[in-house]
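Supplied in structure tokens, the structure appears directly below.
Note that the chains are named A, B and C in the order they appear, and that numbering of residues resets to 1 at the start of each chain.
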Amino acid sequence: MSAAKTTAFDIKRSLIDTILAGLISLIVFGPIVGVVLDGYSFNLEPKRVAWLVAGVMAGRFVLSLFMQTARGQAILQGFEGGGSGVHVLAPDYKSRLRWIIPALIVIAIVFPFFANKYLLTVVILGLIYVLLGLGLNIVVGLAGLLDLGYVAFYAIGAYGLALGYQYLGLGFWTVLPLAAIAAALAGCILGFPVLRMHGDYLAIVTLGFGEIIRLVLNNWLSFTGGPNGMPVPSPTFMGLEFGRRAKDGGVPFHEFFGIEYNPNLKFLFIYIVLFLVVLAVLYIKHRLTRMPVGRAWEALREDEIACRSMGLNHVLVKLSAFTLGASTAGLAGVFFASYQGFVNPSSFTFFESALILAIVVLGGMGSTVGVVIAAFVLTVAPELLRSFSEYRVLLFGVLMVLMMIWRPRGLIRISRTGVTPRKGVAP
Amino acid sequence: MSDDVILSVDNLMMQFGGIKALSDVSIKVKRNDIFALIGPNGAGKTTVFNCLTGFYKASGGKIELNLRGSHTNVIQLLGERFQFADFLSPKRFASRLYYKMFGGTHLVNRAGLARTFQNIRLFKEMSVVENLLVAQHMWVNRNLLAGVLNTKAYRQAESDALDHAFYWLEVVDLVDCANRLAGELSYGQQRRLEIARAMCTRPQIICLDEPAAGLNPQETEALSKMIRVLRDEHDLTVVLIEHDMGMVMSISDHIVVLDHGNVIAEGAPQEIRHNPTVIAAYLGADEEELV
Amino acid sequence: MDGIFLQQLINGLTLGSVYGLIAIGYTMVYGIIGMINFAHGEVYMISAYLAAIGLALLAYFGLESFPLLILGTLIFTVVVTGVYGWTIERIAYKPLRNSTRLAPLISAIGISLILQNYAQIAQGARQQGVPTLLEGALRVDIGSGFVQLTYTKIFILVAAFVGMGLLTYIIKYTKLGRMCRATQQDRKMASILGINTDRVISYVFVIGAVMAALAGVLITMNYGTFDFYAGFIIGIKAFTAAVLGGIGSLPGAMLGGIILGISESLFSGLINSDYKDVFSFSLLVLILIFRPQGLLGRPLVAKV
């Protein structure tokens, strides 16, 4: 960069930008932030507006100045170039993950010995969201389908356990596979007609579907208990219960094994099973991206017309991604219900779908490791920062917008596996 | 239909709203020919292609493929409208419904017809090899369980698919680019990769939509050679749309000329070259002047 | 004819005309950039707040005559909501013009979450309301009972159709409308011909927001209450209306809105009011399966 260019700061332009931004933010924030409705009258809050507008103006001024520096220009160029950030790995590339994964597994095994109940529950919640994130990652990240009603399948899993217990006497272990199947079926029925249409329709239809499920759960008082929800049985291990005393004169787990009663046993058990399931799903996902169907998903995301010209049934390929994602959510729902001990419709609002989407977006669409990290960051961080809970949704929203502007593919670069070239196969 | 004719189009008609893109097109493509479809801009060449390859559902007429030892009705594959008679015969109803639900463009490819696109459609953010592996989707082991467990049969199938991919990479001279992103390749390389990808679906007819567009004379020459290789060594029928008359005249066995949605001439290159109607269509002269 | 039936028909007509107004925002944005503006429902929600705030402010300054009050509120709401529409486009859509297809959708969802939470933080989570402005009703005796047509409903119908008529005039006969239509047909060509398409897209967002603002004022007048979550359901319904009428088509949006409004209020009045939202969403899915191009839309031919 030449010196002439860096010295040519256009302060006047920056000031104009700042004043414009201030005016706009005054119009935008003024009424809503400054005039708080109170019944049919109102209270004035000019201070809040002043802070907000000042914040916006200061931010705009700094941004405007920064964009005129060499560094800012470089960043701006980077946006416009829009380098895809995708690269092919060398065929003999060995990921550092082969060290990190065993280390994480060891940590996960050791963890329960040191954890108290609170920590355990937080981690369980984190793992549930890892599961949800992985499932949605298949749908959004790999297949490029925007599913905004993902929470519906989660609800199907959770309510599957509650309803299965209430009406059919089914337990955790029976419902676990059944919930996955039920959620997959629901995904199939919803997806088949919609997936043949232009992609955006899927987003709105799934959004509607998520809302339908929630409304039905809320309104069908006689079947689902309505807004009050339903109780969920504790899981059992080989028919042994984790309570202090077993029902119907059975032998509880701790007596059977002759260990001391521990009220955390139930959570410990959920933790172990959940961890195993997460590992299995991680492995399956890892395999899927290298399998024909995984390649087909990504190819469809890239160019649907080309895929159709190569004999891929685009509806069925998309449907397979949608269904697999749905069944993962069904699994997660069962864990969530047993972890909470009861279910009610308020756990399955649109906000929940948005949170899972934020995990996928932040984790880098299509990146597995990113999703795992993002799931923990987005679920554990709010637990630690309880005082900010009011601003949680706002934060997710800002995060989504910024991520899309800054790096539409998420934080972690997407790498494609390389293959050793084979020579001499042709004449 | 004699077995010699691999693709027959009868009275093809295509309308978009009120605009008639094709009024009455009949074509017969012989097995193992290089068949060229030419005509001025807007004559309807690409529309014919899109009808053949199942991207457009023709408004009328018949398209029949005679590939892999069976006859395929392209229009039926795309799922026709229900007709009254369907509700009387459960069998017809079931087949109609099946094609409505599961039919579509992909079945045309599965019948043995592959195509390339005028504006290259590669999977730009996937590697070159992956592009070719996706094309072999119908030929690999798609069993989910086998893939997840990484069984021996699955690995064998994947390895075969890789062999096949590298075979075609060698044919189009792109082996060195195997591990690059498809979007990074140069224009000419992308064109070649697209042909290789189409070939990976193991077709018997390949439809090339302006394969030489944007290529320099050397590349065009190499392309002509490659098309001949495809025909001679891989037992393929080639249908192409092309504006480069030099290339068309030198490699085609049979040429059909379209103008305003009608076939105005057909025959061997020599006949077409001297056909007054064709010259008029290209030069825009009035018919009266020619007489 | 049955009294209840007729009454629901009238309710549905008013509700539907308002759905139609919001649907215009979806349909125009979809027409011009081929994308669903997920934040549009929230724009409506913001405008409902603005309407209540405007009314409260004007009443505070001692304005009492209904026409002036409603006119003032309308102008206030329309202007501020228009600025919201412009800002949303500037933040969530413009930087992503050349990005992947999914990016603007996700950023719009982000904006929608931001607006919801923003309204909640700024105004509190409780339900808000406005007093009834226009008392009284026309009562029509129809033999087996009577049908009540409140003045508010008449006002809503008139206002909605005037708004719709104005917009149609703008799109059909003004320079701005011509630019919008040209950009919708072929954005690249329009920009080659010297149309600033970025600005046209901004205008379209503003027009959508203005129509949503009109709807916000009208619905707030009719129902009186709303909260920060109100945009979500109405957003999906307005989108359903847009799809029903054929997305991209202006008269389609209005027609779809009215059909949806009428069928929804008939359903809730005659069958079950708990499941009226379920009914509307199911309608959306059914339309997409059997007639994805809607009533007045043209069937799409994919460009190969």
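Throughout what follows, contacts are C-beta pairs under 8 Å (C-beta built on N, C-alpha and C of every residue); 3 or more make two chains touch, one makes a residue touch a chain.
Small disclaimer: the values here were computed from a predicted structure and weren't measured.
Asks: Counting C-beta pairs in contact, which chain pair ranks first?
Replies: Chain pair with the maximum contact count: A-C.
Asks: Using the mean of all protein Cα atoms as the middle point, what chain has its own Cα mean nearest that point?
Replies: Central chain: A.
Asks: Could you find the chain whose CA centre sits the greatest distance from that of chain B?
Replies: Ranked by distance of C-alpha centres from chain B, the top chain is C.
Asks: Could you put a whole-Å number on the gap between the CA centroids of chain A and chain B?
Replies: About 41 Å, centre to centre.
Asks: So, what's the distance in Å between the C-alpha centres of chain C and chain B?
Replies: 46
Asks: Quick one: chain A and chain C, Cα centre-to-centre, how many Å?
Replies: Comparing mean C-alpha positions, chain C is 30 Å from chain A.
Asks: Considering chain C alone, which of its residues make contact with at least two other chains?
Replies: Only 302, 304 qualify.
Asks: Listing for chain A: what residues touch at least two other chains?
Replies: 305
Asks: Counting only residues that touch at least 2 other chains, which ones in chain B make the list?
Replies: In chain B, 55, 117 touch at least two other chains.
Asks: Quick one: in the complex, what on chain B touches chain A?
Replies: 53, 55, 102, 104-107, 109-110, 114-115, 117, 121-127, 129-131, 133-135, 137-138, 140-142, 144, 147-148, 150, 162-163, 166-168, 170-171, 175-176, 178-181, 183, 197-198, 200-201
Asks: Which residues of chain A touch chain C once you look at their complex with the stated criterion?
Replies: For chain A paired with chain C, touching residues are 24, 27-28, 30-33, 35-37, 39-42, 48, 79, 82, 140, 144, 146, 148, 190, 193-194, 197-201, 203-205, 207-209, 211-212, 215-216, 219, 305, 350-351, 354, 357, 361, 365, 390-394, 396-401, 403-405, 408-409.
Asks: Within their complex, state which residues of chain A touch chain B.
Replies: 84, 86-88, 90-91, 283-284, 287-288, 290-293, 295-296, 298-299, 302-303, 305-316, 414, 416-419, 421-423, 425-426
Asks: Which residues, counting only chain C, touch chain A once they are in their complex?
Replies: Within the complex, chain C touches chain A at residues 34-36, 38, 46, 49-50, 52-54, 56-57, 59-60, 76, 79-80, 83-84, 86-87, 91-92, 95-96, 98-107, 109-124, 128-131, 232-233, 236, 239-240, 243, 274-275, 277-278, 281-282, 284-285, 288-289, 292, 300, 302, 304.
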